[in-house]
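My structure is below; once you've seen it, I'll send some questions.
Letters A, B, C and D mark the chains in the order given here, with residues in each chain numbered from 1 onward.
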């Protein structure tokens, strides 16, 4: 059965500190709900906005709850990245992950290749690629993933499902996870190894539900759940997903995950978001 | 069960005339194979490169074989488009179709809206939108499709499967077909109404096979067929799909569909294409 | 001194026929104003929406007024393109031009190469490339332009001025014209051979003015004129340039150039366009 | 006369530490050559890869040499950004700068607005926007720049010269600098306030030369210098500009600026770069 992986939000205090207690509580909740793996310091978790120290603190806290963890360590200073990877050696986790270097236009392919090989050499755990071209400006092609040669898996965040399918075709032993919430059903039905879904923070039940329905061959019902997922994502995007996620966890799961940290500013018109959520909430409930 | 629609190649003579006899033979073959609907004058059929007279001649010829036809009439002169649509009134076909006006950057949404309403007003048949943003530079959003108000269906050619899913969600009565060959399996498994697949010209068996497997809940086997599809498409793109299609029909289906018309020049190194095709050919055979 | 080339609008009758009389009148006016060359059947002139017969009729009419003409003949059927080029042999004109084949994604570079060589072989006149990647989806690089080997000049329509500068650097004998109205001043100041400016239809005086000021080294004053140009273009885009051009010619030059042809629909709220134009009109007057 | 601003490279030791001595030496050299302002922690200086502590250390070192400095402080943690801005209060510098938050797709415009207003509120110096959409994924439009309301200037890094021209038109009091090396001449000739040019690290003489020639109305000669600039940039890009810059400074200016820090890996085939540089080197010398 495909894995359900949740890239956890990172709760902050109003003063901009990572709220490790709230994080633990949130992850405890996700694990109890049946999520398979927790992806730390991803985009949803504001990974690129966390200092190396914060990233490590996140791992330490979550490790009290579960070791089913992929630890994202990527950054623009290889020395920091390598250090973080090494510091994870005392934690018996699923793996470490990294996006390719972001921000810099015209990133050379051979730099990305060396970056991942350097990470593999330093990492005490299997290495996962986090491919997210829209954010990093760099697309890791199946050919490059093959040439890197040391990858255990990929979180492939792209709207083009042919991309992860192509990774799986070229590298059948690679664990290939789709990162696009909008493609949960098609990904699961297409033989990929699972999904890494930000929506899992506030509606993990829907991911589990789609998986069960696909597994039982009930594609028609799965389509209905995917539609609810799509509407939740539309709503979340309308208010800025990175901030709306915090509200949606509280509204749909009932516990507090703090606030985002600027430049991701909290949702201004929260009352309106809640009111638009109301009809959807009932549909989510009915699907739990 | 989802529909399998093939946008037929248009056979040309070496002198650049449409070879109507070869076209009829090809369509006869496709119908016999079990293809549900023939899409005329699409991108694969070099639609934008055909004159209005050629487009109509294509319809007339194919109509001798089947009336399961969608007749693409789009163009940059509304008077031609309307005339073509009207001229189809004596043919009892599935519908007429059009892409939005292409080429012109910054096409206004209200022009596209009026264009489709004018087409609907003139057409004696249901109207299908052919949405292909990569080719036309204009994306018809679900909101715009809804506002147009008179569409029967959409051929949605985009790599982002969330786009047709979103059309279907917003307009449940719309027939939504995916136009991306690389997404045949995920489309069929996601509750869409079918596919319009250029690959159907040279490997319709694979489309039928995926449909049957999805229908029987055998997703794992369907994934394998989708992989063969993906490899055929990779090969076809390597040599220029618009020209390679002609070779692939002959090699995989055994009949001659003539040559493309420049600026789509025939494949130069056909021997190499055939030799690269050889191993794939056997896999296709085994799946027939 | 850099050339000022105007890609003329094509006047249509309300019934969708090319209004050749209005076209002649318009070109007569432009020539009298001091425009150096008339570019026929360009984007502004709805070139891709004209049939081969219409394109030729446009040439014949304009030729009564001037032979300082570049005749755009491009299209998606090479046989039509070659025929049109040949039919221009009795006209002693500046040259023929073509865009690369448009619409089709993944157009192969070698097809574009052959297309232009075939055009060169057929053309009785020097051949100009009309490079407009935003419209055609294909960018002719300096390296490809060099490989084509038979080009006399290029109309390079891109917002990246480094592109035409690079063409000029790689091919110093090529006539390189910028097609972006927003870059008239920088183009003239950077040693390019001139501009092909749609704005020349309704404000040719501003183009002449910029040229004179650059020539006299009065860059500061040229900047002010470029600002008025930019505001006119902003206004034109707001209402859809392809349609607004018709109104702007009438309002700023005083003669009637008919209407556009759908799917380019006439400006709906013409009164509002005129009222927004009013303050700009006075600034244009003061610069004549 | 337009300002010449150089975004300095940041020298690193082979162990990945900022080499502050080499940085001071480099800036001393640039100031002596006649560069007007030094832009610290820009893209060329690997700004997003520097920790807040490193960014501040860079300022402290360079301040020993000159106070003609713009201090880039941007980042993904507003608390760090505000702290850095405040820490610059004891330095009498030209200003602080920031790019909009990068990496995160679908960044909300109101977040960017608040981010810059928060920075303005904290900064003891004038605030400059560093707009670089290709790197950040977010374009600050003239309208948004106006709404921010507290900007002193903009480094606008885009290939579309119409963008900075439009900023200048909408906000005439804003200092508008072009960040694209390939557009040095057109920018200076178009009334903008200067350039921020990475090429200034290794060929500041060419920037000064273009400025003088434009100032003297010798545009034709300026074009020739711009062509040499373009060839240097082509060469630099071929080897990866971020790394090649280090070699080019040493080869063209004679002093050592250390090495880049991975994931920007040093140029592998330095001998080949030097040999390709040879003919250009002579042309640069002749223009000094």
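Couple of notes before you dig in:
Methods note: a contact is a pair of C-beta atoms (placed from the backbone, for glycine too) under 8 Å apart; a residue touches a chain by one contact, two chains touch by 3 or more.
Since the structure is predicted, the reported quantities are computational estimates derived from the model, not experimental observations.
Here the chain-to-chain distance from chain A to chain C, counted in touching steps, is 2. Look at the CA centroids: the one farthest from the centroid of chain B belongs to D. Distance from the chain C centre to the chain D centre is 36 Å, each centre being the mean of its Cα atoms. Centre-to-centre, using mean CA coordinates, chain B is 49 Å away from chain D. Those residues of chain B in touch with two or more other chains do not exist in this structure.
Contacts between chains close into a ring here, every chain touching precisely two others. Chain B contributes residues 159-162, 165-166, 169, 180, 182-183, 185-187, 189-191, 214, 217, 219-220, 223, 226-227, 230-231 to its touches with chain A in the complex. Contact residues on chain B toward chain C in their complex (touch as defined above): 16, 43, 46, 48-51, 75-79, 101-108, 110-112, 114-115, 118, 134-137, 237, 240-242, 261-265, 268.
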